[in-house]
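Chain lettering (A, B, C and D) follows the sequence in which the chains are written, and residue indices restart at 1 in each chain.
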Amino acid sequence: MKIRYGMVGGSLTGMIGDVHRKALNIDEMVELVAGAFSPDQGRNKATGEACKLDSDRVYDDYKTMAKTESSRADGIDFVVVVTPNDSHYGICKAFLEAGIHVICDKPLCLEVWEAEELEKLSELKNLLFGLTYTYVGYTTVKIMREMVQKGVIGDIVSVNAEYVDECMMSLPGLDANDPAVLSDWRMDPKRAGVSSCVADIGTHIEYTVHYITGLLIKRLVATANTYGHVLDLNANMIIEYENGVNGAYWCSNVAAGKLNGLLVRIYGTKGSLEWDQHYPDYIRYTPVGKPPQILPRGCGYLTEEAASNSRLHQGSPEGTFEAFANLYKNMVGSIIKLKNGETPTGNELDYPTVKDGLNGIKFVHAFAESAKNNSVWVNIN
Amino acid sequence: MKIRYGMVGGSLTGMIGDVHRKALNIDEMVELVAGAFSPDQGRNKATGEACKLDSDRVYDDYKTMAKTESSRADGIDFVVVVTPNDSHYGICKAFLEAGIHVICDKPLCLEVWEAEELEKLSELKNLLFGLTYTYVGYTTVKIMREMVQKGVIGDIVSVNAEYVDECMMSLPGLDANDPAVLSDWRMDPKRAGVSSCVADIGTHIEYTVHYITGLLIKRLVATANTYGHVLDLNANMIIEYENGVNGAYWCSNVAAGKLNGLLVRIYGTKGSLEWDQHYPDYIRYTPVGKPPQILPRGCGYLTEEAASNSRLHQGSPEGTFEAFANLYKNMVGSIIKLKNGETPTGNELDYPTVKDGLNGIKFVHAFAESAKNNSVWVNIN
Amino acid sequence: MKIRYGMVGGSLTGMIGDVHRKALNIDEMVELVAGAFSPDQGRNKATGEACKLDSDRVYDDYKTMAKTESSRADGIDFVVVVTPNDSHYGICKAFLEAGIHVICDKPLCLEVWEAEELEKLSELKNLLFGLTYTYVGYTTVKIMREMVQKGVIGDIVSVNAEYVDECMMSLPGLDANDPAVLSDWRMDPKRAGVSSCVADIGTHIEYTVHYITGLLIKRLVATANTYGHVLDLNANMIIEYENGVNGAYWCSNVAAGKLNGLLVRIYGTKGSLEWDQHYPDYIRYTPVGKPPQILPRGCGYLTEEAASNSRLHQGSPEGTFEAFANLYKNMVGSIIKLKNGETPTGNELDYPTVKDGLNGIKFVHAFAESAKNNSVWVNIN
Amino acid sequence: MKIRYGMVGGSLTGMIGDVHRKALNIDEMVELVAGAFSPDQGRNKATGEACKLDSDRVYDDYKTMAKTESSRADGIDFVVVVTPNDSHYGICKAFLEAGIHVICDKPLCLEVWEAEELEKLSELKNLLFGLTYTYVGYTTVKIMREMVQKGVIGDIVSVNAEYVDECMMSLPGLDANDPAVLSDWRMDPKRAGVSSCVADIGTHIEYTVHYITGLLIKRLVATANTYGHVLDLNANMIIEYENGVNGAYWCSNVAAGKLNGLLVRIYGTKGSLEWDQHYPDYIRYTPVGKPPQILPRGCGYLTEEAASNSRLHQGSPEGTFEAFANLYKNMVGSIIKLKNGETPTGNELDYPTVKDGLNGIKFVHAFAESAKNNSVWVNIN
């Protein structure tokens, strides 16, 4: 039997709702039964119809949805929140209070206190709170994590990671009051919070590196480039992890020729791992003193756990949908267990949690503080 | 409203049934309601249950299924056939005779007369007959086709294409009577027909090149390498197209280090196009006298048609599932139109047909005949 | 002490003379003292002056040069011939008859009988006759040969190689009588012989594959594309080696976006080797059942022989000059030994000989014959 | 007529002397006539003999060499200094005082005051003082500089550059007193100065970026990783250029799988440029809103200046020797002009000067100071 979910945000006019719905669909574990897709009621209803929902479960607003669904016998088991970042806190809180498991898009919210409150609330309510940090859903990323855990690359000595894109390439030349600038909520501090590109894409670097290496950030120094605007379009950071090792992170939305350019490179005493999300089926692994190897996803010489996250034979490309589906498979697996009074185990526990989301918000604020204060070291943990 | 389909073959023990079902699922246009998944009734029933079918629609054999489904008011609109190649003919014929649209895995069947009969039957019955040649579902492949049609690379002067894999790498060292050899139906002429690797993967080369360029093969010369076995594990061909231009095709299942290595390169008087299925989101396009360009899937400078086949923003990798889903989206779109008494148009007509399948079988036989007869030219059309 | 050489062809107006002179210069084993650089006496003298030759050793023609140099006590030890192909035979013959060692650019000459005569003459006169097949000078190519000889990839099961370029890209659209066509001696059968692109670049495929694998061609089938001209601008061949294995060769001078695109791929029972001359410092090696490895030139895990051909640390790119210099180092080493009455050994024997040049001419003629005769098999050896 | 040079350092036991001599040899503008190759007089003499020097011009020490050569009528026109870094200052000073032009390997010296003194002395004496920052000799690097100067990528908004290698990979696991550590002068602060990896390879990043972009560093923040040793084996920096833009530099000698990994990426308002020294013949150029292009060295669509630095046709790889030769060609061209009482112009002025060397030493010290002082901003200029 499929479990039921609802969605807040994700109307037909955007792309992200459809991506989440399709990814949730892949493993046929869930059924979309409710939604508050848009404050624009025309769009909201149209999306509900396109998703074949009963009209009484297409809600005018998320509060009504949370309340109503929690009181139905056939109410949703979990909600997926894919709205702009500034609304995450309120929405997630409402569903947690209504006793409904939450899966929220990253970043978790705007403020550290919001994140802390959400973390506490989910604990108090004993509810699952997952975040969709896309890239850790890739089989190859999971393989790298496993390799690090097994000591294949030894102790980590250095990290270099970046997420670079060209999506705001037009902004450096524009006036901050240009309509094209004002119309993008990511450039508006009231909606985006203290950061634009670090919140938007830098958090992917932070979490993907943490996921693979297990390293936690102790402190960081940072610079931000706004090119005449209010928020960061380009950012550089030097990281110090809790084990004393350094890393460098670069994120940018003004890098011509780059598209979702997440590149993660981890160097250890016994070898190195490199991963480029443009070719997500391959890991470049170099054991010390040996030539670099190109490890394809799902080959026989890799592990069973890897195979379990791979839906296709080696050589058949997997992409973003499968990464999302892997995230959802584990989170939904956990929710099913919880629903049945059982304890999630194994792969079911492998997903980004509200705690990871909180770390992301701390990271964004540490970045903003350092960048504002002449690149002074700012502690995170 | 979703239309209904059934599946023949594709039990849980194999991977291919699941791939097709997941791909069919992506666009939420269809519902699986019937199946004859395996002659092993245990597997058959288990698959039916896993797919949540009513037990009376899990059939012992495809003949009963065709007959019963065609007589039900809520019978399947189309069948998906994913069995070994030697059974395609009989199964497809049964469903066509029962008045049910057919979508069959490639290659179409074993013999040319079988293919011709299926083609005629589908015409006679006015039924859709599609084939799942995976690679033409990729957005980038569709973009290349569009570029050729618009004259972007001018007149084609040369083609070089290959599909190379390592999956039978162990065979050259083995005796033809070794159990590992005998157990693989692709090496048994009774089941695989006149060819192993050309039928299995060479047909992908043949159709993908045809799809992109529109070129039809006039004749070919060929060599086959069996390494002590009965059927080809490695094959080389020189092609002459109907316009007098030549191409070279290479396919192999004994190429160490290669995994589904489909590489298609098309050279014209005004430019060239290259595509490697390992990096399916990118086209290498070189206009004459200009530097090579790397075209990503779905960027703004490409066409609307391209965008319509792309489910994600540029920079987010798509893979095999999306290619399959694109094939199915068009074929299912056509079937819905036909069901409603309408005429399919536009993208709905963009899928491999039984006629393309027939060309594939002619290609396989021309290969086998040339290879057997000292590499003499053998005409196809 | 440096030994002395002369050059025929290679005036300042072309590039090739300078390339050879610079490559000969790298290891400081030789001194240029004589030349007949061009039938245009202005160019000839200017080149002599630029090369700082004594004016009496800048000859009006090669015949006088051969005669005069052979009679001088301080005459040249060897001649380097870098003229158009149709003049190789006469020039090489004149120097051999004058008792002077010969190093000639590839292809050796136009006709098989010419090549056979030159081979016999060099044997009779006990003179070294080397050919500058550039690519076998690369350290990485030598490493691949060594790996094949040591059995690292087992028995060879398949070969796929190509040399593709865009240099004649303008021709397919031109009339055969267009001045641009007529002015290129490579398109004139009187000067180029039976083939244009196969003689020019196809011979590089033939020899490089032979050098790496040791395989000799037994026979071949071929097609040629002339696009309205007399000689081949694009050619496809299927090869049968003496061990019964097949290979495919493709060469083209009308492949938009390609520049000296030599790609050699060798597949064996235990692994494969791939080499792209655009990235000549790297070999892609895949052992069966293991991931592909990227072997850099000169790393510690490679052999001493490899190191001896590498002038720079791993990681510092080497290119065409070093490849040429490696060829010359061995040939000049041999000539020094012969001059001193000693027998060349080891690496000194590692260079393309007149016998290899003869094989190349046989290959060109077999290609032309097959292409002319409906792609029938033509025997080489 | 060739001009004359001498060399200090570069005995046969090391590789670097030979690389410089071969590179100097390529364009046949110079002649090696004197040397003080090693304090080990056996090695010194052997190198002199191998280089065919007159025995009286193989000097026991550089001071005698500077004095003697400056007093000879046929004395050297310039000296090439390729000794360990801590000796550069004294040697360069001696030759400048003797009135001899100097070309020195990078980094210029250890201390800022040394560099300033050398700069002043060369001005006072009106002598050329060049540095061999290898990578700016590459034709492609020169093309990128030209593109930036012509405004092709607009105003620079971001820089990301790195030089990573695995050469000291064994050190993180070793005790600082291990003989393997102690034996490497680069790890000994008395010989290497305040930095190991930043002085050794970080200076290549600093200068190559400056050369391409023209940007000068205003200030930087840095971290250094010593892994239990005294000097840096891995370093991260955030740069602020004089125009207010930021960049990130990473250098490491403990990055498994990396060999001379210099990667330079420059992002502007109109496009971006990326260059990887492993594939030095290619530039990745992306104009805003267009697909990335792969520009090969020396193609027709590039400039004449580019062609003038390219010794081979497009498609024929050039490497490290040609880069060095390009540096030397310009510096030697200048020296010849100066010798003839003429003023160097055009390409002759395109080489790294003592002023650039001084900037490098300031950079190294700013790095060391920031790393030591809790990553505070340290001004350079």
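Just so it is clear, contacts are C-beta pairs under 8 Å (C-beta built on N, C-alpha and C of every residue); 3 or more make two chains touch, one makes a residue touch a chain.
Only a predicted model underlies this, so the values are computations on that prediction, with no experimental measurement involved.
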item	value
Remotest chain, chain A as reference, centres from CA atoms	C
Averaged-CA centre spacing for the pair chain B and chain A, given as whole angstrom	35
Intercentroid distance (Cα basis), chain C paired with chain A, Å	56
Chain centre separation in whole Å, for chain D relative to chain A (CA means)	43
Multi-partner residues of chain B (at least 2 other chains)	258, 289, 292, 296, 299
Chain contact topology (line, ring, star, complete or other)	complete
Touch list for chain A against partner chain C, complex	285, 289-296, 299-301
Contacting residues of chain B [partner chain C, same complex]	153, 155, 157-158, 160, 162, 166, 169, 172-173, 221-223, 225, 227, 234, 236-238, 240, 245-248, 250, 252, 254-258, 267-272, 274, 284, 286-289, 292, 374-375, 377
Interface residues, chain A side, partner chain B - complex	15, 18-19, 22, 25-28, 165, 258-261, 277-281, 296, 299, 311-322
